[in-house]
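Right after this note come the structures.
Here chain A shows up in two complexes: once beside chain B, once beside chain C.
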Partner chain A sequence: MKLTKTLMASTALTVAAVSAHAEDMANSMTLVSWGGAYQKSQVNAYTNPYQEMNEGLEVVWDESSAEAVAKLRAMDEAGNVTWDVVDVVAADALRLCDEGLAMEIDPDEHLAPAPDGTSAEDDFGDLLVGDCFIPQIVYSTTFGYRTDMVPEGAEAPSDICSVFDTETYPGKRSLEKRPINNMEWALLCDGVAKDEVYDVLATEEGQQQALDKLDTIKDDVIWWSAGADTPQLLADGEVFMGSTYNGRLFSVIEEQDQPVAMMWDAQVFDLDGWIIPANLPEDRLARALDFIYFATDTQRLADQAKWISYGPARASSAPLVGQHAELGIDMAPHMPTDPENAKNTFLYNYEFWADYRDDIDAKFQAWLAQ
Partner chain B sequence: MSDTTDTGPVLAADGTPLKRSLNRALRRQKLRALGLIAPLLIFVLVTFIAPIADMLFRSVENQIVSNTLPGTVQQLESWDSTSGEAPGEAVYEALYYDMFLASEAKEHTRLGTRLNYEETGVSSLFRSSGRSVDDIGEDYIDALEDLNEVWEDESFWYTLMSGGEDAAKNRGLLEEERDRLASLTSDNFGGNIGFVPGQEISDLLPNTARAYTSFALFTVVADEDVVAEEEPWEAVKIALVQDLKRGVDLSGYSGFGADELRAAQDMLAEQPDIAFKEAFLEMDEDWAATDNWRTIQVYSPPFTTGYFLNAIDMQKGVDGPEARPENQQIYIMLFKRTLFMSLVITGSCILLAYPVAYLLSNLPMRTANLLMILVLLPFWTSLLVRTSAWKVMLQQQGVINDTLVWLGLVDDAGRLIMINNQFGTIVAMTHILLPFMILPMYSVMSTIPPSYVRAARSLGATNWTSFWRVYFPQSVPGIGAGSILVFILAIGYYITPEIVGGTTGTFISNRIAYHISSSLNWGLAAALGSILLAAVLILYWAYDKIVGIDNVKLG
Partner chain C sequence: MTITVIEPKPVPFVAAVVAAAGAFCGLFVGTAQGNSLLGVFAGAAITAALAVVFLTVFRQEKAARWITTLGTAAIGFAFGGAMGGLIGLAFGWFFGWFIFWLGEGRYRSKLPPYTTSLQVFYHFLFRVICGMIFFFLITPIVVVMPLSFNAEDFFTFTPEMLRLDPEGYSLKHYRDFFTNDDWQQAMWNSISIAPIATLLSVSFGTLAAIGLSSEHVPFRRPIMAILISPMIVPLIISAAGMYFFYSRLGLQGTFWGVVLAHAALGIPFVIITVTATLVGFDRSLTRAAANMGADPVTTFFRVQMPLILPGVISGGLFAFITSFDEVVVVLFVGSAGQKTLPWQMFTGLREQISPTILAVATILVAISICLLTTVELLRRRSERLRGMSPG
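What follows is the complex of A and B.
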């Protein structure tokens, strides 16, 4: 009798505590992401379980990540930020942080530690770029090629420089319509050592050298601006090889069964993750932080890899990566971070591009338009 | 007529001259009409005109530099950028205070981004300096605090700077700093903060009082803390060091903390001066680069022509505007291309739309309706779908090329390149804009009485003459209306050139979109947009002069 009473009392207390806790949080949350398969992976791995834990919570998705920086800036100027958690690439997170539009994050306070007790800061390690960015996945920009268009007698391309070798590998290539990545690849294939690429690219001569190298294949390039372009061009046989995000190529190869293969050489690692807009009202901020704490823990990040072939940003999540939820294939070999794929990689240099982006872009666009 | 002049003005029933009374009635009517449309007018003004004006205003607005670095900008005025030498110590000292406050308010990186549009590298220079600016002069702060612990004591500072409750206050300084912080952060710094600097102490230690006042405002308004319970920033202590080292005469001062101040001054007299310049160069050697300083100096006025110069491939050089390096020139070429391609698109729309509109207005009703539906159906289909459809049609492995290869007109290796270039853009945009040409043409042509052409024929004109001399002139207003519509739509088109334009078929709008959503250089985007708007208005004016806008009919 006494025990039951105590139990009931403590249950009541817990319920009271939980509900008091929940009352401080907004019961609606607007998340911003990229749409498509990527957003689907987030719904499955993050928001569905989170909504099960928090009954009555409404989650609104806005597929605006591509213009997140511009829109957030406009919202901030209008004094009405309607977003709670925004998915952006690390470079954009850095810019939002620079503009004072994103909230600064203390990893050890706002993020969950790893199951073995490692602090969040150590678990994410170098991937915590800037002060506002909460990493989620590692993706890479890399090449895919049509296996049926490899010329007879030639080996399948396995070297980044085959992009520039139109004699051995004739056919069009698709490259992104911006200098980032293309300039680095051009220099690599023009004899510049990997660890000197950014030093060279910081000089006028180095920029010209990269453009000159790109000039050798200019007539063979179709320039893309949306991530879906290259998979489409590959599927249509419009191009022999093209760069895009590795997850897009995964879906062309495994889900759509096209005769396309990956070329992982000199893949450029980049990060994608969350930011929380600065100056949110208290209840919405509490909700956003609660969600972030949940959605970036070790298990949740590993769960996302069941749905899309991007590597989880936590070191502790890697061993938990299993099989694709629908195709039932092992996901590890499709991760950009898999040792077999990551023999020769490049990490997007955020600081460099934050400085040189405007300048090199002007030159790149002028070169393109010539 | 002459009768009325003889007998004087005609009077209304109430005795006032008829003219005046009519005018009054007319004016009242106009006002009433205006009152009726007022809600709509205000709505349009507020939600449409004002945001556009605001956006275009950004093409000259440049207050961020003088708001973020007011002291530095002032000190920098006397610096000669052609001297080849970095500015003197005073500029770096001003930069220290400005940078400290800006980094507390997290505004320094915004300015870095802004100036990085003009000078590569400023962005990371500001970001890294903001991070370590509070390390400058830490030895002096340590020495001060070793000398006497009161310099770490928040309530001692508070009493020192406020001069006690009954002291005369310097409200002017408080208001000055309020304005400064408000313009720096664009937040409101009004309200009682529980601190007003004392008059005596702010006369004695002007820099310290200023620094402490902005610290107090920031602590209360931005951080929501209590001034008297917070230890002042490093910048406040550095300001005190500087004030004391400048040889303030403390002999007449007998207020709170007089002994502590004298002891500090004696101690500091033995120390060398704080080397701000050296400290900044140690932080980042780019602070010695004259190019960076020149950029700050050139862009310090609240308004700038820089964005407009950039939009016409020029830049601010040492001796005024100069052309950009050739490998960065792009906008003039894009403007020309946009105009040229819009004209080509308008021309091909006229050629294709004229026969269709003619058929529409001359066929029997039943067939004409069917044709009309065929015209309107693509008009109602999503723009993206139509553009993507052209991709499928025109690409090298696309429908048209496949057919040509199958017919044997082209061999497999020589497939035509019809997309991702100007041709692709012209084809796709002509198709998309065609209804805007057909519809006004049709509405004009359907009002042309067929009897005119018949009359011309019966008088012996050939088919061609009756068309060219009689029918065509009457249809010109339709062509005019359609052309204006299509041309103005084409010149600002964005999504179709982006998808099918490749590198040679993109428009100026694609660069505007890039600067709005990607590079965030809204000033440049606004300048490009203003030039585009001006070009359209000039062309419209020219059209009005040459053809006459009254000759344009939409129906």
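What follows is the complex of A and C.
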């Protein structure tokens, strides 16, 4: 043990002694992401060009973003962090940052400025939540519905409240097995004004009101926990409508040609991006920072939108969004941020849910078990 | 072989039994059409009516069976296309046969003449229960096979598939498995980890079993209990423990870490099977060998090993399967570079429900069947050569 420590310390010293040139960067890098089409878009937009620039660099992908917080904690505890760059949702990034498991980022030092010279801090703007989070995409949780299951005589659903209207739109719905988003939608459809939703939800009665509203459709709900569930249920025709990430729905509609359409009303925006684990060895940290600088520049973020319908996090990337790389369709109208789609939106309320999550989670789970 | 003279049975009895079977089948058809109760009654009524007609008015077995088979096939086809036709065909064939098998009393022909009605009933009830257990065990495995040839990227029997339209089927998920780097990497990891882990478990497990079976070893039972513990302790606990232990040693996230972890999981299986074979091993043979000048190592390989080999091999098979199937420990001890097939299937199922998983499952099932058949054939052959079985 002692020997290992001495060895490690001397290695660290040697590494620290020389400045971080390309040859001092680790030639292998472990990226953590979500798998599926999303990871494919990152491979195409980020790591493939990056590997072309850096010959001999090995990139290992680990599809563990779903349990990134728990795994990073365990790695930290065991003193053996094997990840270099981790893709997480903003809420997880905030938690990791608070616990000191993620490295703090200085946007203007670690991130590229926009091509017109705007600093990274201004280019990302409000999306830079927390001190460790490097935003990558804006995605939304929204609804898709089977076009061939819309009852005759009824209009296609275009209002969030049609989720709760089982009379006009009979059939099962799939909702995520957690209170976030569901509680907001329930209140919104129970007559609460949009800008009062969180005030109401902060009270005991408000939480009960939301659960009561959800109770009216409880028998018609299939609860999902993985993003792939709702697309499968929609393709099966097992549900009439269901919530999931908009990129998944895009894939179902445009790539898989299923009779499904989007209902963008009251979609909830959320952010996804990178963090770098705290206390990486010098050479791996240099590699991770170099990769981040490259992968979050204006062009790269815009490139990702060629492969998946998530909005780039930089303001300067938006005009560069082009066509889908394989289908050749314009991607702009499929972005959650497109003005046509974003008429009525929510932004995930990080502060509210950080304060109330445990409490409301417990109530929600108890209600589910009833 | 007929051992009982058969005689036609009373029509009401036959009609009642056939109606019960019809109700059971009707339940499935009815549920598929959205009305279980109607299905039960219609199934019972139709089959009972057929039984009465065939056994009283129209007692021409061949013709009657053809008529039922083709008739139900046509009805099935009219309602449900090709698939409905096939199901109808099977139903019609079965009920045509069933009515005459019961009506002519043929079901008694292979039972001794002195069996009572109750015994006959139990005899067939037993078979039905066995059949249902078999069905229960095998259906989940069989149902994924056609789905793996799905032309779409979902776990769905599409209308094209149900119509048996070739358009609805494709080999693209198999192509994906053989061309996708992630899957190929996972397969090679599994193929290289499992044999080494097996080799280690077999060596250590056999040695431990031999040592523990000699009487002069102190604390045999506690040692045995500790060695067997990976099999008894919940896997997740072993996994978490190994994770922290291996991290300290620098083994976490390495190839050898996963191999060692899997070897530890496999050792109990080898110990148990080898200990069981050693019970029947005659110790005087080793003493005889020593008496003739053989050193312990020679004795082990020339005398003891050949005799306990069946136990070693079956223990090795279990150890191999443990490593090949294992997902919990590898998730902890491995890192993304050691992703095995079960791990890849697990993440694939969670993040992207893609039928490639079903294609892999089908391939694995096919390989297991081949392996088991080979082992069984080899076993029979060696038994025959040793003259242990007459076949």
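Rule of thumb we're sticking to: the second predicted complex is superposed on the first by the 350 of 370 C-alpha atoms of A that agree within 3 Å, B and C clash if a C-alpha of one lies under 4 Å from a C-alpha of the other, contacts with A are read in each partner's own complex, and residues count from 1 in each chain.
The definition used in the following text is that a contact is a pair of C-beta atoms (placed from the backbone, for glycine too) under 8 Å apart; a residue touches a chain by one contact, two chains touch by 3 or more.
Computed from a predicted model, the values in this text were never measured in an experiment.
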Joint occupancy of chain A by chain B and chain C, clash or fit: clash
Which superposed partner A:Gly227 touches (first chain B, second chain C, both, neither): second
Partner chain in contact with A:Asp236 - chain B first, chain C second, else both or neither: both
First (chain B), second (chain C), both or neither touched by A:Glu152: neither
Which superposed partner A:Ala70 touches (first chain B, second chain C, both, neither): first
Contacts of A:Glu99 with chain B and chain C, given as first, second, both or neither: first
Partner chain in contact with A:Asp116 - chain B first, chain C second, else both or neither: neither
Footprint overlap on chain A, comparing chain B with chain C: 66, 236
Footprint of chain B on chain A - complex, ascending: 66-67, 69-70, 73, 95, 97-100, 172, 177, 208, 222-223, 225, 236-238, 351, 354-359, 361-363, 365-369
Chain C - residues contacting chain A, complex: 152-156, 182, 243-244, 247-248, 250, 252-253, 335-337, 347-348, 350-353
Complex contact set, residues of chain A against chain C: 1, 4, 30, 32, 34-37, 60-64, 66, 74-75, 77-80, 82, 226-229, 231-232, 235-236, 256
Contacting residues of chain B [partner chain A, same complex]: 106-107, 109-110, 112-113, 116-117, 120-124, 127, 327-330, 333-334, 395-398, 420, 498, 502-504, 506, 511, 516-521
